[in-house]
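Look at the two complexes coming up: chain A is in both, with chain B in one and chain C in the other.
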Partner chain A sequence: MAAENWELFRFIQKSNLKTAFLSKGDAFVNILMMLINNFSFIFMWWVIFNDKGTINGWNFDDMALMFAVSGLSFALYAIFFRGVAELPQYIENGTLDSYIVSPRNLLFMASTSFSTFANWGDVITALTMYFLSGYVSAGGFILFLYLSFMAFLLTYAMRLILSTFAFYTSGTESLGNNILMTFLIFSNQPATIFTGIYKVIFLTVIPAGFVSLFPVALLKSFTWTEFAVFTLGTGGIFLLSLFFFYRGLRRYASGNRFGIR
Partner chain B sequence: MAIKSRFRKYGAFISLAARQAITNKTVLCGGIFLLLILLLTYNQLWTVIGKDSADPSINATFLWYLLFGELIILSAPKVERILEQDIKSGTLAYYLNKPVSFFMMRFCENLSLMSINFVSLGLAGTLTAWLLTPQTPFTWLQFPLIVSLVYLSSLINLLLYTAVGFSSLWLEHTKTLAMAVQRLAFIFGGAIFPLSIYPEWFVDIARWTPFYSLYYLTIKLSYDFSAADVSRALGLNCLWLAFIIGFIIWAYRTMQKRVNVYGG
Partner chain C sequence: MHNIIEACNLTKKFRLKKTGKGLKNLFKPQYKTVVAVNNISFAIKPGERVAFIGPNGAGKSTTIKMLSSILYPTSGEARVLGMIPWSNRRRLAYDIGTVFGQRSQLWYHLPVQDSFALMGKIYNVPEIAFKKRLSRLVRLFEIRDLLNSPTRSLSLGQRMRCEIVASLIHNPKVLFLDEPTIGLDITAKAIIRNLIRQQALEEETTLLLTSHDTDDMEKVCDRVIVINKGKLIFDDSLTTLCDSYLNKKYLEITTESGEKIRKVIDTRQIPVKKALDELVQTYHVADLTVENPPMEEIIKEIYNRGD
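The block that comes next holds the complex of A and B.
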């Protein structure tokens, strides 16, 4: 079953790449725009750190690590599983019907139904920032890949939880996008600015700390305790999102839409 | 009479779009929620920086600055996506033979959405910023003029994204171009961090972009208000407005010709 899904996943990704390269010039312009987008944001923070030195103990190298992890995790979500953000639309207009009748896993099919090629620019940015961070080592690189993957699971889980609101009420797509945007805003700030009640929110209600605070701390100095908290925290939220989705799915009433996929 | 009926026609588009925007409360609330999160986050950032640099007033100065910058950014509807869809799907061909200008119709709809967003975000943002930092860096007498200039910048910003939307005549996807334009506004316009903290060579480059007057010169008035700066911001913004409108007219005419060639 897993092998079949993997084959299907590879096939979908190949198709996505072929579609993106139908117009090579446009594909490269998209990546270039994403690079401009990312590096201009990074430049802005470089200017701030150049002026202030450190912000509550964080320096620009820490920010570089944070950009690396958050960039790669978001790229994995946007390139491979962005369809999860389309779920509210599928639920509201009944498109979900055609995924339900598919012999493949419903959530897998819906999640891989949409992809944005431009986010390959995020992969380039993330790797560049990791190698510029000053914390580079072979073991560190493997850890960076693992942390980015877990941060991706968290981003996916957050979006899935927000998408499941659509099972209960209508017009939630934009609200979900805004809450995810909040998550991304939180995860792209120096983690040390969040103190007191903000830190509680940062690690619980909008758990962006698992994308910025923990990965940077682990890449700087690894401890098994932090590693366990990070893994259990992200894994737990991912499982919770699956629970919410399948619970919400029970409420789904077919839109009687006829379609073949 | 003809002019009056034309205004009535486009007035109807404005009123219809406004009613739709007010009805769609989740979208309005989502935008307000995002603005509040930004204000709270950057309030934390500037408070921490203020403590580190022993300058507590920095928070009030830059929080209000951020509010005006975000008002321009967040009040803009996704006009480029609508135009891209219209152009790609050929929908615009259906509108070209109607007794309304396709451009004016879309512009009026989005101007209406922008104004509703501007008012709702402005009210919520002003209240939040005032609660977070009651000592404003401007006097309340200057406030109406600053808000008017920020509204003008929002209007030019809307036209800028309209121009991005028309670029889908040449580009397959305009989403990433729109994102890049937004990021360029952040850095060249200093929409988050004011240009005063950037190196001089960078500010010299920024001066040649529309973002400099659209954002920085306008929103800087919140902490550095003078008649000279007001006229400078107004003058440069009018110049860029003329340039952007010129591009839109050219792109719109090109688009009409292409639709004629391909038949929609």
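The block that comes next holds the complex of A and C.
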């Protein structure tokens, strides 16, 4: 079963790539623009850290680790599972029907239905920043991949929860995008600037701390306690998002708007 | 013979938000309940070709969506191939095919054959079986020239032929078709009807077809279920429906001077051919059409006789 799903996943990704390469020029310009965008942002932080040295105990190497994890996790979401952000539209116009009658997992089919090729730029940025971070080792790299994957699950879960609102009310697509953007902005700041009540919000309401605070701490100095909190936190929110989605699905009314995949 | 589809007191209600103005409506919205399908029961045997007809908003699509696992019913029971659709969604999907005239399961930008290949992977059709099956369907539906065209470049009729092929790749036992001829011109409708019928006869596929076009039912099906305002009002063979309610034909001629003349004939009293002959002899005919009574009229007739 796992092998079959892996083969289907590869086939869908190949089809998504084919779609992206219908206009090769566009595809590569988009990646280039993404790189310029990312490195301009990173350069701004480099200038700040060059001037300040540290911010609440974080230096630029810590920021590099944070950019690496948040970049790779967002890239995994955007390249392979961006369809989850399309769910409100699928729910409102009835496109979800096509995925419900499929013999494969509904969320898997709907989530893999859409991809943004430009986010390969984030993969390049993330790997570059990891290798520039000064915390490079073979074991560390495996841990980095694991942490990025779990942070991806969290990003996916956040978007899924927001998309699930579409089962209850209409016009939630842009609201979901805006809230996810807030989550991303929070996860791309030095995690140590959030203290007191803000830190609580940073780890609960907007759980961006799981993308920045924990991964950087674990990559710098590994402890099993932090590893367990991180894994249970991200995994728990992911499971919660699945619960919300399947609960919402019972309310699905299947619209009849004309459309094409 | 066991039934392949069974519905028992199937009901679906939708809760719709009332549109209103002001803050009160924003914080305390009011809802109304719409009964889309009201307590309907029927059973279908393997190989039957059943038309599920009724006017727009009758509840046809809602019923088909409950039977194909898309919607949960509000109450009632249903079994398709012995399974409760909404509880056995993934298992059932291997044995049913669905075509929704209003939306596509093909990839918009990619060649049609890529969508077929994806369907083969989704349904785990072995490579050799997939090639053999696709080759048969391509021949039957005459789509060889379309295989390399992206979906976006197909006409509606061409797309619908490809949609049906995509839904048959895994050789389903039951095929649900929701308004498969919607929006098509007369020629494309005739081709689609013919192909659906031929495919069902050759492979003994059970068909459940919804439409508000009575021609779909006449050309494809052998049994008719009529539904109106969510209630089942007729369930019998096509022959019975034709003998009892489809014995009128609407003739419309356009004369060479541009005048349009409409005539309704009772085919039990005067054959269509004779009526046409008379019209052709009386007028200088430039164009003529022969149509079945509209759906609304058949339903009115069914109600009248029921009273």
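General remarks:
Keep in mind that, in the parts below, the second predicted complex is superposed on the first by the 255 of 261 C-alpha atoms of A that agree within 3 Å, B and C clash if a C-alpha of one lies under 4 Å from a C-alpha of the other, contacts with A are read in each partner's own complex, and residues count from 1 in each chain.
Heads up, the rule we're going with is that a contact is a pair of C-beta atoms (placed from the backbone, for glycine too) under 8 Å apart; a residue touches a chain by one contact, two chains touch by 3 or more.
Nothing here was measured: the structure is a model prediction, and the numbers come from that model.
After alignment on the shared chain A, the placement of chain B and chain C results in a side-by-side fit free of clashes. Legend: residue contacts after superposition of the two complexes on their common chain; A:Gly94 is shown touching chain C, with no touch to chain B.
Within the superposed three-chain model, A:Ser137 lies out of touch with both chain B and chain C [touch as defined at top]. Within the superposed three-chain model, A:Thr19 lies in touch with chain C and out of touch with chain B [touch as defined at top].
When the shared chain is aligned, chain C comes close enough to touch A:Glu7, but chain B does not. By the document's definition of touching, of the two partners only chain C reaches A:Ser102; chain B does not. Comparing chain C and chain B on the residues of chain A they touch gives the larger count to B. Figure note: vertex chain A, arms to chain B and chain C, all at CA centres after fitting on chain A; angle 90 degrees, rounded to a multiple of 10.
Of the two partner chains, neither chain B nor chain C is touched by A:Thr223. By the touch criterion defined above, A:Ala253 lies against chain C but remains apart from chain B after alignment on the C-alpha atoms of chain A. With chain A used as the common frame, the shortest Cα distance separating chain B from chain C works out to 10 Å.
Within the complex formed with chain A, the residues of chain B that make contact are 24, 26-27, 29-31, 33-34, 37-38, 40-41, 44-45, 48-49, 52-53, 171-173, 175-177, 179-180, 182-184, 186-187, 192-193, 197-199, 202.
Chain C makes touch with chain A in their complex at residues 14, 61, 65, 68-72, 89-91, 93-94, 96, 98, 100, 102-110, 114, 117-118, 121-124, 151-152. Only residues 4, 7-8, 11-12, 15, 18-19, 22, 93-95, 97-98, 100-106, 109, 250, 252-254, 256-261 of chain A touch chain C when the two sit together in their complex. Taken together, the chain A residues at the contact with chain B in this complex read 23, 26, 29-30, 33-34, 36-38, 40-41, 43-44, 47-48, 51-52, 54-56, 116, 118, 171-172, 174-175, 177-179, 181-182, 185-186, 189-190, 192-195, 198.
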